[in-house]
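Chain nomenclature is as follows: A, B, C and D, assigned in order of appearance, with residue numbering initiated at 1 for each chain independently.
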Amino acid sequence: MRSVSIIGFGCTTFGEHWDKSFRQLIAEAGIEAIMSAGIEGKDVEALFGGSMASGRFIGQEHVGALIADQLGLNPIPATRVEDACASGGVALRSGYMAIKSGDYDIVAVGGIEKMTDVGTDQAAIALGGAGDQETELFHGASFPALYALMARKHMHRFGTTEEQMAAVSVKNHHNAMLNPKAQFHREITVDDVMRSGYIASPLKLLDCSPITDGAAAVIMCETSKAKKICQQPIEIIASEQASDTLALMNRKSLVETLAAKVAAKKAFEKAKLKPCDVDFAEVHDCFTIAEILAIEAIGFCEKGKGGPFTEQGKTALNGEIPVNVSGGLKGKGHPVGATGVAQAVEACIQLLGKAEKRQVKDAKIGLAHNVGGSGATATVHLFKAAEGRK
Amino acid sequence: MPDGSLPLIWRKFGERYDLDGNFCENCGTAFFPERKVCPNCRRKGKLVARKMPKAGKIVSFTEVFTGPAGFEHETPYFIAIVELENKARLLTQIVDSEKEKVKIDARVEKVFRKISDIDPEGPIAYGYKFKVVD
Amino acid sequence: MRSVSIIGFGCTTFGEHWDKSFRQLIAEAGIEAIMSAGIEGKDVEALFGGSMASGRFIGQEHVGALIADQLGLNPIPATRVEDACASGGVALRSGYMAIKSGDYDIVAVGGIEKMTDVGTDQAAIALGGAGDQETELFHGASFPALYALMARKHMHRFGTTEEQMAAVSVKNHHNAMLNPKAQFHREITVDDVMRSGYIASPLKLLDCSPITDGAAAVIMCETSKAKKICQQPIEIIASEQASDTLALMNRKSLVETLAAKVAAKKAFEKAKLKPCDVDFAEVHDCFTIAEILAIEAIGFCEKGKGGPFTEQGKTALNGEIPVNVSGGLKGKGHPVGATGVAQAVEACIQLLGKAEKRQVKDAKIGLAHNVGGSGATATVHLFKAAEGRK
Amino acid sequence: MPDGSLPLIWRKFGERYDLDGNFCENCGTAFFPERKVCPNCRRKGKLVARKMPKAGKIVSFTEVFTGPAGFEHETPYFIAIVELENKARLLTQIVDSEKEKVKIDARVEKVFRKISDIDPEGPIAYGYKFKVVD
């Protein structure tokens, strides 16, 4: 059975890049990834690009071809994959399967979203396409509203508090301070979150991830070949994906993200690992409640206990299981199509021991959890440091 | 926006005006909107048209302060997931209700309203909303 | 090395389905495919859905999850792939690689576009996203205009005539008469085409494929397993894809579609076949000139000779190499994301000998050629009938 | 439409007003619009900013009778691919030219015009068009 490793990566700074276009951002990340892999562009055999709503954000579909073109990679196959905010994670999985299929040894995977070329109104409509247009957005359910419905139910069922959700945001802003590529470099307090206005109760402005421009890329290689090219390839020891109903109302539970639970369970089975074997996790905190749902679905804590677990600092950089040491979607920023790939980039940085001030000590196993929409798609990837890394 | 498109509004008449859904006679599950396949029974399923009951209870709710385009003038407004009496669920606005009565498990019933003016030059979208009943 | 076969397929009628939504169309095609494969929904392990511009056509992204949901297939992985008008062909290739990777044995592949929920103006903008927004659409280059630039150059370089292009349309309308699922059932003459008004000279209205609603689906299965499930599995003996620059102006040539040429060449090498071994081909005739470019790129005729080759009837149903016996995009209709999958469906029908009046005699090898945009993406698939078929 | 967005118009100023592109000093290829990577030389490429020449010739052309949104009032109009004197190519409208002079290999030069009114309430998009010179 073929195995897949990451041998290079690149990521733009995340933020509002008024001065950079979609194609400039992805070229920047892609070039960095190819250079860091120590390969030539001509060595890349196929490309997968994750982008959620380029059609609405920049009037451009067919962005797989656009990325290959901008990186000068024609005529290699170039495919765009889209599963809403999980587009990046699904792009990773596509690249992974392409190598496992035996058709390619070296594949480039990119993720990008250029969100600030349209106004906030248009951006909200574009993002609304991640949920169910006909039964959710039509009735006025914004994206925050969907997560607010989950948050309210979680509070009602488990006693989760707004302060506990705020603790997610405080932690992730703190971690983002240590990440030079993050959108925000500003410490916030629980009070700041509590005082920020409601967007959709109980979620407040500082419970929500921002609108962000950014791109990320990784170079994947079949593992035995990777070991010849690269001193410390990062092996992808599991790549899993699952789905749930598109509309939140049709889910079996509002307080459990089933797709993420299924993907995580399969990933752990595949890698023969347990949640306690993971040294750090990048999870999909598009809203603070989403991180609480994520750590419960993955199994870092008991169901319903994600709030207190976070409040007690167990997911902090020096905690039991550091979550979103990069700053997460809240602190680092959330260019939707880029997020899943950027999570893999953070995993690589950590597993190479290059994360400087935000380094998780002795990190050997990393997890990335990426969610589309209100949970209809989830991917979970497990990454492993090269043997013998100090 | 495709929302304002006539074919879409026309196709959604039964659903949005009359809560038309369907029901699987094999497993007894009600679906709203209607489904082509019963996810429990698949080809063993026997789906028949069924109007949904007009009453139910709130499963969860939120008060929206920043609404999407077409809803700006209505903020703040309540969005809820409602479980109807036959266990089918839908997402809807809660209107005509005292704010403190909008809570989980509150009993609600259907009313008929204008939904939004997403396309000011197009046809107006009407449909169901719900209100709390004591 | 694992091999991949098709064991079931389904396709809606193509046309203007005012009364059917995106989700109804794909459910119809998907159910037909699953039923015809003789499997249960629970046997399907993953889903790939091709759709080009659902974000603009129906305000909905995340349609992979939507399709899985509508077919009751949750929680299987569900991925949308998009490469403009080649989204269907790329979805096929994604399903193919997923099975070859060893992660899945049975995969559903769907293609769909619901184009008539918006007006013609909005549809043109949505389709414009297949080309380069910044350097083409911005300057007023509609999609027909891009193909018109290729047509003009082909005429200038090779002496191709408008009548020869018209012959493509006449043939495909004729074939569509024999296909009950086609959008058009109306014979047309070269005169009719010549008299139809210019859209972008030299292309006239009847040189252009229509706006269409439709969906198609196939069930793929690892071949050794397929032989146990299905009496006559159709083997995919090659699946290839290539890219070119997004903008037409940057191509090495305006009269040669390089991505298609590369994909076809690789496909023939992979299958150890030559163009003359192909019994019929479904090619991407979004405009009449596109079919001429296609048969040249694949190698059915010499470069520059596609016009006379068509005019002489060599691509007719009873010709040397029948091309677009289904009616093609021009006669059968072109729901962009569905087209590549619908081509595979036609290949299966032909290779099972079930095409009735449009049956190609003794068809053993079929080819499908799907193009994105003005040629920045191309896929070529080769299909083979089961041994011993009468 | 994102076309009307101010950041986009601002980013495209140099390109659309002044034909700003770039040039690879390693292989001698000119790029318009500018590229971040020379597809011929990749990391050996040495890209430097370069204004494109304002003259060239028509590689192919079409007369558009049904234009996309924002261009309806201009039909029919000519679209051409033009090869500039430095071999870089661009797609552009051909204006101010007698119809019978618009043909393959005709010499053209840059003029400056309003491109479209895609977003009637937004800023107007200006840029290059070309005209035939005898």
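A few notes on this one:
Following the convention adopted for this analysis, a residue touches a chain if its C-beta (ideal position, glycine included) is under 8 Å from a C-beta of that chain, and two chains touch if they have at least 3 such contacts.
Computed from a predicted model, the values in this text were never measured in an experiment.
The interface with the greater number of C-beta contacts, when B-C is set against C-D, is C-D. Spacing of subunit B relative to subunit C, judged by their CA centroids, is 38 angstrom.
Centre-to-centre separation of subunit A and subunit C, using mean CA positions: 33 Å.
Spacing of subunit B relative to subunit D, judged by their CA centroids, is 49 angstrom. Shared contact sites, meaning residues of subunit C that touch two or more other chains, fall at 21, 23, 58-59, 74, 125, 128, 133-134, 137, 247, 250.
Among the residues of subunit B, those touching two or more other chains are numbered 1-3.
An unclassified topology is adopted by the chain contact network, corresponding to no line, ring, star or complete arrangement. Here the chains touching each other pair up as A-B, A-C, A-D, B-C, C-D. Across the interface of their complex, subunit D is touched by residues 121-122, 124-125, 128, 133-142, 144-145, 148-153, 156, 197-203, 247-250, 254 of subunit C.
Of all residues in subunit C, only 1, 21, 23, 47, 52-56, 58-62, 64-66, 68-69, 73-84, 90, 93-94, 96-98, 100-103, 125-126, 128-134, 137, 240-247, 250, 258-259, 262, 372-373, 376-377 touch subunit A in the complex they form.
Contact residues of subunit D toward subunit C in the complex are 1-3, 12, 33, 59-71, 74, 76-77, 79-81, 89-93, 104, 115-116, 125, 127. By the touch criterion stated above, subunit C contacts subunit B in their complex at residues 18-21, 23-24, 27-28, 31, 35, 40-42, 57-59, 70-72, 74, 116-119.
On subunit B, the positions that touch subunit C within their shared complex are 1-3, 5, 7-8, 10-11, 35-40, 42-43.
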